[in-house]
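Each of the next two complexes has chain A plus one other chain: chain B in the first, chain C in the second.
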Partner chain A sequence: MHKALVMEADACTGCHQCEMMCSYGKVGAFNISKSVMDITAFDGGALNVPSTCTQCEGAWCMVVCPVQAITVNPATGAKEVSAEVCVGCKVCTIACPFGAINYDPDSGVVTKCDLCGGAPMCVEACPTTALAYMAEDSTGYEKMRRHAVMSAGLPEGTA
Partner chain B sequence: MSWTGKILRVDLGAGTCTSEPLNMQWANDYMGQRGLATKYLVEETDPKVDPFSPDNKMIFATGPLTGTIAPTSGRWSVVCKGPLTGAIACSNSGGFFGAELKNAGWDMVIFEGKSASPVYLDITNDKAELKDASDLWGKSVWETETELRERRGDPDVRVASIGLAGENGVLYAAVVNDMDRAAGRSGVGAVMGSKHLKAVVVRGTVGVKVKDPMAMMKTSNAAKEILAENAVTGQGLPTHGTQVLMNVINEVGALPTRNGHDVQFDGAHDISAEAMAEVRESDGQANLVSNHACFGCPISCARRSKIDPTHFTVKDKPKYQIVSGGLEYEAAWALGAANGVNDLDALTYANFVCNEQGLDPISLGATIGAAMDLYKVGAISKEDTGGHALEFGNTEAFVAMVEATARGEGFGKEIGQGSRRLCEKYGHPEFSMTVKSQEFPAYDPRGIQGMGLTYATSNRGACHLRSYTVASEVLGIPEKTDPLVTEGKAGLVKAFQDATAAVDSSGTCVFTTFALSGEDIAPMVDAACEGDWSVERFVEVGERIWNMERQYNIAAGFTGADDTLPERMLKDAAKTGPAEGKVNGLSEMLPEYYQLRGWDDSGVPSAETLARLGL
Partner chain C sequence: MHYVIAGAGPAAVAAAEHLKELDPSAKVTMIGAQQQPPYSRMAIPYYLTGKVKEEGTYLRRAANHYEEKGIEFVHGEVVSLDGPGHTVSLADGQTIGYDKLLLATGAEPIIPPVPGMDDPRVQQCWHLEDAERIIELAKPGARAVQVGAGFIGCIILESWVLREVNLTVVEMGPRMVPRMLGEKAGGLLQKWCESKGVTVHTNTRVQSIESTPEELKVVLENGETCAADVVIVSTGVKPRIAYLDGSGITVDQGIVVDQHMQTSVADVYAAGDCAQGLDFSTGETAVHAVQPTATEHGRVAAANMVGNNSLPYKGSLNMNILDTLGLVTCSFGAWEGVEGGDSGEMFNEGNYQYINLQFKDDVLVGANSVGYHEHLGVLRGLIETQVPLGAWKERLKKNPVQLADAYVGVNQSELKVS
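Take a look at the complex of A and B:
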């Protein structure tokens, strides 16, 4: 079974460590403008929402690509862009409902999360529990458990 | 390597922006940020310059670790000669602006001269130009930042600007970035205003490279683990922010209260971290909304707060009924305990106003406290204060003074001059709790002896961030010392001063030093920068910087006689708490400190010391 990248806005402090690590993996420099993970801040950072590609099973980006530049990595389930094949037509950026694939004018191709081959660097960098990499069939269970604790009126963190 | 190797020189008189190579010899000797910018200032300006003269320069500086994966890599500094003190000024800020400037490819920006009319500097990577800011002059920090972001049409730009305080020459005006992070102390915002520079807006997409990326990741991850496991940086600061200290310092008997008349405040709990988290009746919310991180910071000590919408300070004022930068310990103390005010929402409002108009809450709060002392003895009256009974604990009068100072109106003009000038003007210089004209921060030197020496010898005037011996004397970091004894404090202060000068020059935050030592930080600098950065070299750079700043101040006219404390700290004993009956024993510490520094009896660095440090 593949693993999925899970993002929890409640735990995100907006520090951008994930974006720095992501950009390092993508372009070899700490440069959050090149990160494919993005943090959107609300209320001046009181709420921070991390977002990136969730690796759709029937990925719109992959379906619409006219040159088959996007393929599935069987090991991780990630939809990966081949920089050699991509022609920079940007149709995938229009097709993606989440805006998780974007064109990089410096390289002339689109860029998106590839799960770093199965060891996402953003997860390693995150100093809180905002990012996790877990079995794709259990991403909701942690939330359900927290909701159960809350419903039972027990203190946060009760096992 | 982690220096970009480029500095931007902005001649405000000529209206030009030019790129020049960084002096790598100086970078090797002074690292970056505080040290490197001060070296440029020392080399390029006369220490006797009028701080508001076009001949004073102002430098925005990043460090070699700014913008890297190193934890707390969002730090940057503003360096100039300070108008409050007449000494070297170096104010350090977090947020996101510094990392953006580094990402645009600049180690520093040097501002020189003065523009004939208001301007702002617009930077996108290697393109930089001055633009007209006539329509921004008179606007607040909040308005300016919002307007520039909209004008650029890019939500990712970062802005540093001044509000009305900087424009009006308030001697402790701040430069504020990212709405509520500030290069707060010593009046760097007033120098910016004197140059008619309203703001700097920057967008950087070049990125930051380091010498050895794998070593950078390894050393940064090791540092992050230590920070996460430490009780202060892993639990106390993320949960409570710096406000974790309010009840602690009050119990220690070192919370300066009512302009230093007392060392404990009966209203301390009301303005503490614990109070910020309490749910209020009116709207079922707490003052504290969440914590927040600066760029690259795993600690996330910053607070986001919302004032009770029914509170008298914000009722019918929607612009303050927002979530914004909440109280930190220094602000809560200065605006609260120093004035005997225990109204949490009033203090939060005052803090919002400080962010909005660019004021240092420490100097503002402490100066209002001094004014209350003047009012108490009848040196000023309602005629001076615009009809306000400026008594200790009078929340309404306190709020009125904050607003008047921010707007530059009425008695606010006097408060805007700082407590030393205010108290001298009204005949009671002894009421001013300052060193080198800069107001004390939130630790009473009678209850924490090392902080007396810290304030007396700080190169930028009274300051806790030059050698935070509270870490040792109260928190037991790196080892516990008795806060009530003077023995051993000279060495402690020197060690903290040198280490802090190095950290302040690296691009990381001094708060990491609750958990990290030079043994952890120097390897990150070594991974980022060319040359071998050993712990010994790291600390030696700190000592070199300290002595360079001292030399600057001596050339500016300061002497050993300025390394002192107000008489209230030296003669009036603490009335309550563990320090009851104690005064600060500065005279027991200062001679030993000079000796350890390699300075003569009058506090002048010896020729041998200067030669040893290559000065």
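Take a look at the complex of A and C:
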């Protein structure tokens, strides 16, 4: 059973530590514009909502990729982008209905959450329980998954 | 069970793999009218610029991928179909029987009926072989004229500029990508291309191409003439379905399919550029000749071939993203708006930035954007889920840039985001 990155907005204080660590892990610099974890603030910061790729089963990004640059890491279940294979065509960035895979003009390829190979740095950085890496059958994960299927609006197994 | 697929492009490969996932013991045969293993036309622009070698255009990387998955790949061209007899015939005389058949033969370029198009220096850009010929013709310093600035034209034009040719683009429509971008977005794209040294003629057609051994002269209806070493024709595509003449399969713009991707003939399905399937935005049928539709069609068709038409498809959302010399433009769904709908817009000409959102009541139905590349997928999410935007609609009308926030906001409604 793979673990999942579970995000709980109620516990997020909006400190942005996760984004800092994520960018550090991704590009070796503290630059939250390079983070693939995003914190969205509402009501002037009264509510902060973390979001990133849920490694959804539909995997629209992976299905649409014209050159098989996105593959599943069997150890973590994460859909990972190979920067060597990606040609930068961006078709995955419009196919993902969650907006969770994005083009980085500096590298010329797309980036997304890869669960840091099984030790997500955002979770390590989180000072509260807003981010956790836990068994997929936990309630939080089920809720998130239902939400993902719902918001994709497609019958399961089509994408 | 023997599933046969005519075609070996993205729609065919998506279908073949999904058939094997859903029905592992079935026999799956994929027939491709090409020398190469299954490849992506979409990757051709990167082959043209040298970013990838031929192998980099292949849909799957491992040489034994299809073998490993238990998918038989036959090089050959389907020339006719016998629906009642459940067989297809190939150009080499072979006949292949099927239990269920998927037609995924894609599209082919439309060559406009203009005198001079038969000169070997006039090239289409559709197959890998075309790309090889263009690489020979489009040497640095060469003068190139591209006929057509549709979405494929606007993707490949970057390749010519990166190959350091002097480029002129001729588009008969009033602006670049007229069927994907509105006036302001298309206008920005044109201004951007011109700022990068590309000459753009809109509102005019090519009247003739005159050839001398030294050069080609492209004569335009507006009276101008452009000298060229190579002419690239990119004036749209049409479904590649001539082999269906006499098969009894209903064809309109493309092969007409129902919500299960089934054609008018039993046990025959169609997917991708050759298929005229349900359009999510209009509820009618249309040909959406783009990669996301091809792969989605392929998977939905496979599910219905295995599951006896148990997966109704909600239709494909027409969508596109282009990167033209560093300017990213995109288009979704009913970007021109719908009757009784309204819209929100942000236009920053100096920064080459633009967003136009189209609503029906408080649901997003279409969008155009220029100069943005972050979280564009949420546009698809918002349109396809038809989620009511509530208070977010007015906010988006005032400031469309808040798109990603709106997406997170409406999907967190259980958390009572105001």
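Some notes on this structure:
Definition applied: the second predicted complex is superposed on the first by the 138 of 159 C-alpha atoms of A that agree within 3 Å, B and C clash if a C-alpha of one lies under 4 Å from a C-alpha of the other, contacts with A are read in each partner's own complex, and residues count from 1 in each chain.
In this section, a contact is a pair of C-beta atoms (placed from the backbone, for glycine too) under 8 Å apart; a residue touches a chain by one contact, two chains touch by 3 or more.
Only a predicted model underlies this, so the values are computations on that prediction, with no experimental measurement involved.
Contact with chain C, but none with chain B, is seen for A:Cys96 once the two complexes are overlaid on the shared chain. Set against each other, chain B and chain C differ in how many residues of chain A they touch, and the higher count belongs to C. In the overlay built on the shared chain, the residue A:Asp43 is in contact with chain B and with chain C. Of the two partner chains, neither chain B nor chain C is touched by A:Val72. When the two structures are aligned on the shared chain, A:Gly88 is found in touch with chain C, with no touch to chain B. When the shared chain is aligned, chain B comes close enough to touch A:Ala125, but chain C does not.
Applying the stated contact rule after C-alpha superposition, one finds that A:Phe30 touches chain B and leaves chain C untouched. By the touch criterion stated above, A:Cys56 is placed in contact with neither chain B nor chain C. In the superposition on chain A, contact is made by A:Met20 with chain B only, not with chain C. With the contact threshold set out at the top, residues 43, 47 of chain A are in contact with chain B in one structure and with chain C in the other.
Chain A makes touch with chain C in their complex at residues 9-10, 38, 40, 42-43, 47, 49, 51, 60, 63-64, 66-68, 85, 87-91, 93-103, 105, 147, 150-155, 157-159.
The touching residues of chain A, when paired with chain B in their complex, are 13-17, 20-21, 23-24, 27-34, 43-47, 124-125, 127-128.
The touching residues of chain B, counted against chain A in their complex, run 67-69, 71, 96, 99, 103, 156, 178-180, 204-210, 213, 217, 221, 224, 227-228, 289-298, 300, 302, 304, 322-325. Against chain A, the residues of chain C that register as touching in their complex are 10, 14, 40, 42-43, 45-46, 51-52, 56-61, 291-292, 295-296, 299-300, 303, 311-314, 319-321, 323, 326, 328, 330, 332, 373-381, 384-387, 404-405, 407-409, 411-412, 415, 417-418.
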